[in-house]
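Structure in structure tokens, see below.
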């Protein structure tokens, strides 16, 4: 078999510090007055505080809560790509996702899931990251279509990412370009299953590997300026 | 502000009493449409791993990977497409372009996973739930093709024009025709492995398409110093595996090669091939026989700087190409064109010198640093049925020799040719012409053991022979030549049921009850030729290893047991031109290696 | 159509007239004359509808081609005006006073090709890209595939085989003539 | 009495605020707290697709609007430069997700016009059918969608359901639900399946019933009229100045339709008329779209009646794996549901296009025109005006 | 009956009202879904939503008022409940109804709104601010015809106690205010459309203009509190109207049926109309319902 095309470019097994440039690593500097200043450069780019891992409550309670969470998935109405054209059919008579406990919310604060409906341009990725960080834990990510898996149609585009799982944790992938509403519903069913089994801990994963995610994000987003209250 | 405008909207509420239109079970109630483009399925037994799907995929979603249990063989690369659903966009161009119609998209469309690495699989190999789903996207009908399915028809002489003369039948492509034909190539490269000389077929076809004849010509000479000859009479094994041929007609690779060679004038050869001023390295090599193997070896040796001398038993070069193949297939001036170029590289030919009679092999050994023997198969084989010793029972090879040399031969009114190979067709058609000239009519029957579908002769040879009014009646085993009063009356044959036994050995079975009789005054046997290695004297022979089938054993560089003697061509492999060329080339490399490292 | 072309040929010395269809003609105009030609066509010949304005990169000739396609909605004819500007100093007179949307086109051209249009409003505001540090992406010398593979972590584990090479390695790996 | 009436129909005095400098430019000082900056989008249920409008508000009133795009930029025009012409075919489709078929058609047409290729008659009819079906499915979303912007979502629910039925037909004919990838350079990719005409007629009847229902629900709705009449007025003199095309121009009295003006495919063999209105406000524009819907239904019926049932679907083309298009350039256009939609294709004689540039109607509608129209509009009408222009961000940034 | 016992029954009433409110909400959603010809959410959906919201793991606060907003809102809702007689003649479910409870209830309606305004304002999102300004201006204008109708009732029955108004309507449906004082009823029912916040008066939340107004920044438990309150408030508002105009209820079934229908009235209108702009809405309330309210007062003057 021939040489792996992408082997030399990245190595998934060493995620820790690889993408964090030296200047982004936390360090302590001493000012001319002799004062010690602790600098955490990555922090400047998004949150006031790092996200924290919130351990699940005791088993029985968590199980009950997960059941409720699974049956009440509030999806953020953020159409990031082509796939969002299939959201209206999902919410209308033909497919009626409401009966699966799926509802749309217009603000990230109230949403528990986000559908990344396809390719993400860098400009949108920036908003998606902000939106994702604004969503309260536990939060779930449903990735639609080839584009989120390995770049899809836009694998060689200079403005779209190739794989979503480097920037935010993904719970369920739905294959297709674009997936039909039925496939999306199947995605929701799978997501529910995952939540009920207590495996959908994307938010905690994000908090744990925060530096890695942030490093990846920072590698491609050059301009972190964003207006307040713009998702 | 009409009251009506307030009240009419309330008609919407009538919907409350209408039935719900929601699909009850969206996962099962609604399979994709009959043509839906869902996930891939590949019929791996039909697939040949040509990679057209990979070439057309704009997303680089398809990789060709080796698959366990599928062997690489002629016409099948052993690779199978693997689809990355992180790339696929369901456009189904891969299905439309598929050269074997093995790939299709099923109408299954739901695939949900938590692990993105799952979304990559080899359709038809990795078992998926939709493997047995017959619906889905297949190549559309009618007349929907991504490349020409039909060959550009080759201009030929009409049977009436050709059946009395030995003028070349095939006229050759014009530029437009050649480009059109070259356009059909999908550049898979499967043909290369099948070609004994491993010619860069897709590359020179691309050169034709781009109208870059000189580039194409250079590519030809990389592996084949006899393009004019090969372009006419090559057995074109490449075309039998051409991936385009799976659904449509295979590319006329041979004619395209001929097209390139035809476009280049003799005087341009040296300029294009940049073969002027090769430094002589002072070593000398003798080549026995100026057939394809000999000429090929001489050519590549000359390019490496050796002084090459060819010993030829006949008065003209070319060996079997000239003396075995009728002129209407391969005009002699084309042989000369190729040979003259090789001679222009400094190769000398000594004609009318039979090694073994006029000069001994040991003498060559002493005069030269190495010897390459490509002496070919010049002994006709006989069926050895009763009556073959009659004077009007001929060997086809002898007749063809005589026709080439312009000697008078016996042409009877009714002739039967025994044999179904290309040589049999050659003699059949040559004799048909002579009959036509002599008697104004054709009465010749060619018969063979093999039935119509498994005759070793090229299909077009059979068709053309029939066009020239020869009768081809295959599937019969010769039993006896009936001779009355010293004159041949005909050939008695019985139906042949099978040729090889279960172990693949030659062991024909006949249906003795089903007999036939072909009336004839003259019988020509053309069931193959044998080699004549009398010229190798006993002291040399004792170094050689000869296997149980009577063939001389050589290594992969055609070096025989006697280190200085390289043997190639029909006596080793074949018989055909392209094997000879390949052997000659390899032997040239072998000689070079031998003389430089003395192993 | 023909009389218009003749008229502008004499007035603005346009060249390379190609009649693609009976209602679509391509002409080439010198850089200095272009804006006055467009103004003339809009005001006199009633080519009131600007269809598009875009650029083509002819990197071999070191030129940018600007194409203005104008449409006359009453006569239903189109005329496309091509202007070549040097690639190493890509500056073009702005046409934003003629049509409102031209400013947007020029913003895009500035961002995607790096063509300058002095005086064009909001020219330097980013339009599509955000935080772009490379050369303008629509230029031919920007290699998007290379940029993408180096930047966006394509998934590993892919690898393909060329049938030709693979068959060689399987069937005749030691062929000395190759 | 007049005074009392004025109390109810109070209009702000524009001369007093917002303040302007001597050049007539707005003085927007956010720190004065007279203004609010609000971003509509990109994550905003009211925007048409993934775009943003930066609004500067004074109270409920917009004093400045700026369109921000680029959230969907994939660089199609760059990507197509490194794809074979046949590979551009699935790629270009994605340029507009709502109505992908026009991209397919225009690419195919560009290639055919540059290479002087004629397509079979059946393919022409099938292409027209697919283009009209595409218009049908878009309009089924956008006609009630106008009311959806004003929170009358019931029409959208019905419309999207019917659109789904049209998509089912698409699936049968083309094998794709949203991205049909059917019009290939040289022809189309399949004949009508058996019984297609019957099923099409069933759906058309349902749509006609739907039109009656949305007439009652939307167009005869007093509140819909109140919210849309007089809002988002485009004066006639802006049409050429701002490059307004399609239904938006027709609502202002300009009888412009590519299907009539520059007939392509078989539109010259079909009998239809172009509706115009002169009010040029949101209501007029949605009425025009409703009329378009009726025209489209009629056109589909005509096509169904007149089209040949079989025949070749694709003319022979050179091998698509190395199809070289002669050097040249061409502009081809078609009438999408939003207006003139065109491809400007430049070929340098190689296997790859030199440049393909898309001219989408939203390029002008959603940027300069929208920015202009929103000034002095109420923030509540922003979404409504935007949808009435039927903006589609992917065709702005591509 | 001691106060403990009373409190227990109040809590029981609150529990019933809350669950009925959630049920009513989901029923309305299902009815609306039927108009769209689909099934809609399952019946248990609101309970799950609430559990999920209370079970959300992290919360982001924007300050103390941000906390207090939902609390104020809930106390507004519960406040109305506390003083609302539910079942006429029942000694258990009359809550803390007293002589001037009608005025207190009108006050509590505003209390929750104001608290919410302060809290949401602290959230800092411009959409919240716009939503609040819209909400307050609309609510002010809703209150005017509402108050006029209440005044008309006060004059008619010569009392400001809800229990007494209900008592005055007993003895058959011909005694209901809707028949004895149709103008006041009409004014109040129209202003009720505004109070329930369905189309055409849903501009406070206006999902596709200013998503979604005051609660934009509220999430997790905050939103849970708001939703709990909404469920209680919707029923209790309907009960208020039932008591004032439709003869009250003598048992739980009657209460549920009547409040369901009163709530349905706003849905019935809401489904088929788009929304007003804020100034249109204000103008409308100051035109038609105001006029009806004035007429109602003039008649009983």
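Note that the chains take the letters A, B, C, D and E in the order they are written out, and that residue 1 is the start of every chain.
Following the convention adopted for this analysis, a contact is a pair of C-beta atoms (placed from the backbone, for glycine too) under 8 Å apart; a residue touches a chain by one contact, two chains touch by 3 or more.
Nothing here was measured: the structure is a model prediction, and the numbers come from that model.
**Q** Once the contact rule is applied, which chains count as partners of both subunit C and subunit D?
**A** Intersection of subunit C and subunit D contact lists gives A, B.
**Q** What's the farthest chain from subunit A if centres are computed as the mean of the Cα atoms?
**A** Result for the farthest chain: B.
**Q** Tell me which chain's centre, taken as the mean of its C-alpha atoms, is farthest from subunit E.
**A** B
**Q** With contacts defined as at the top, give the pair, B-D or B-C, that has more of them.
**A** B-D
**Q** Quick check on this structure: which chain has its C-alpha centroid closest to the centroid of all protein C-alpha atoms?
**A** So the chain nearest the centre of the shown protein is D.
**Q** Which whole number of Å gives the spacing of the CA centres of subunit C and subunit E?
**A** About 61 Å separates the centre of subunit C from that of subunit E.
**Q** Taking each chain's centre as its mean C-alpha position, how far apart are subunit A and subunit C in Å?
**A** 36
**Q** Let me have the rounded angstrom distance from the C-alpha centre of subunit D over to the C-alpha centre of subunit E, please.
**A** Once rounded, the distance between the two centres reads 42 Å.
**Q** Quick check: how many Å separate the C-alpha centres of subunit A and subunit B?
**A** Going by mean C-alpha positions, subunit A sits 57 Å from subunit B.
**Q** On subunit B, where are the residues touching two or more other chains?
**A** Within subunit B, the residues that touch at least two other chains are 9, 12, 20-22, 32, 58, 65-66, 84, 86, 89-90, 116.
**Q** Give me the residues of subunit C that touch two or more other chains.
**A** In subunit C, 129-130, 137, 142, 144-145, 155, 157-162 touch at least two other chains.
**Q** Identify all positions of subunit E at which a residue touches two or more other chains, and write them in rising order.
**A** 35-39, 126-127, 207-208, 211, 271-273
**Q** Hey, which chains are touching each other here?
**A** Contact pairs between chains: A-B, A-C, A-D, A-E, B-C, B-D, B-E, C-D, D-E.
**Q** Any idea which subunit E residues touch subunit B in the complex?
**A** 31, 34-39, 268, 271-273
**Q** Please output the residues of subunit C touching subunit A within their complex, sorted ascending.
**A** Touch residues, subunit C against subunit A: 129-134, 137, 142, 144-145, 147-162.
**Q** For the complex, which residues does subunit E have touching subunit A?
**A** 33, 36-42, 44-45, 48-49, 51-52, 55-60, 124-127, 207-208, 211-212, 215-220, 223
**Q** Quick check: in the complex, which residue numbers of subunit E touch subunit D?
**A** 35-38, 126-127, 129-130, 199-200, 202-203, 206-211, 271-280, 283, 286-287
**Q** Over in the complex, which subunit D residues touch subunit E? Could you list them?
**A** Residues 8, 10, 36-38, 44-46, 57, 60, 147-152, 154, 157-158, 161, 217, 221, 223-224, 226-227, 378-383.
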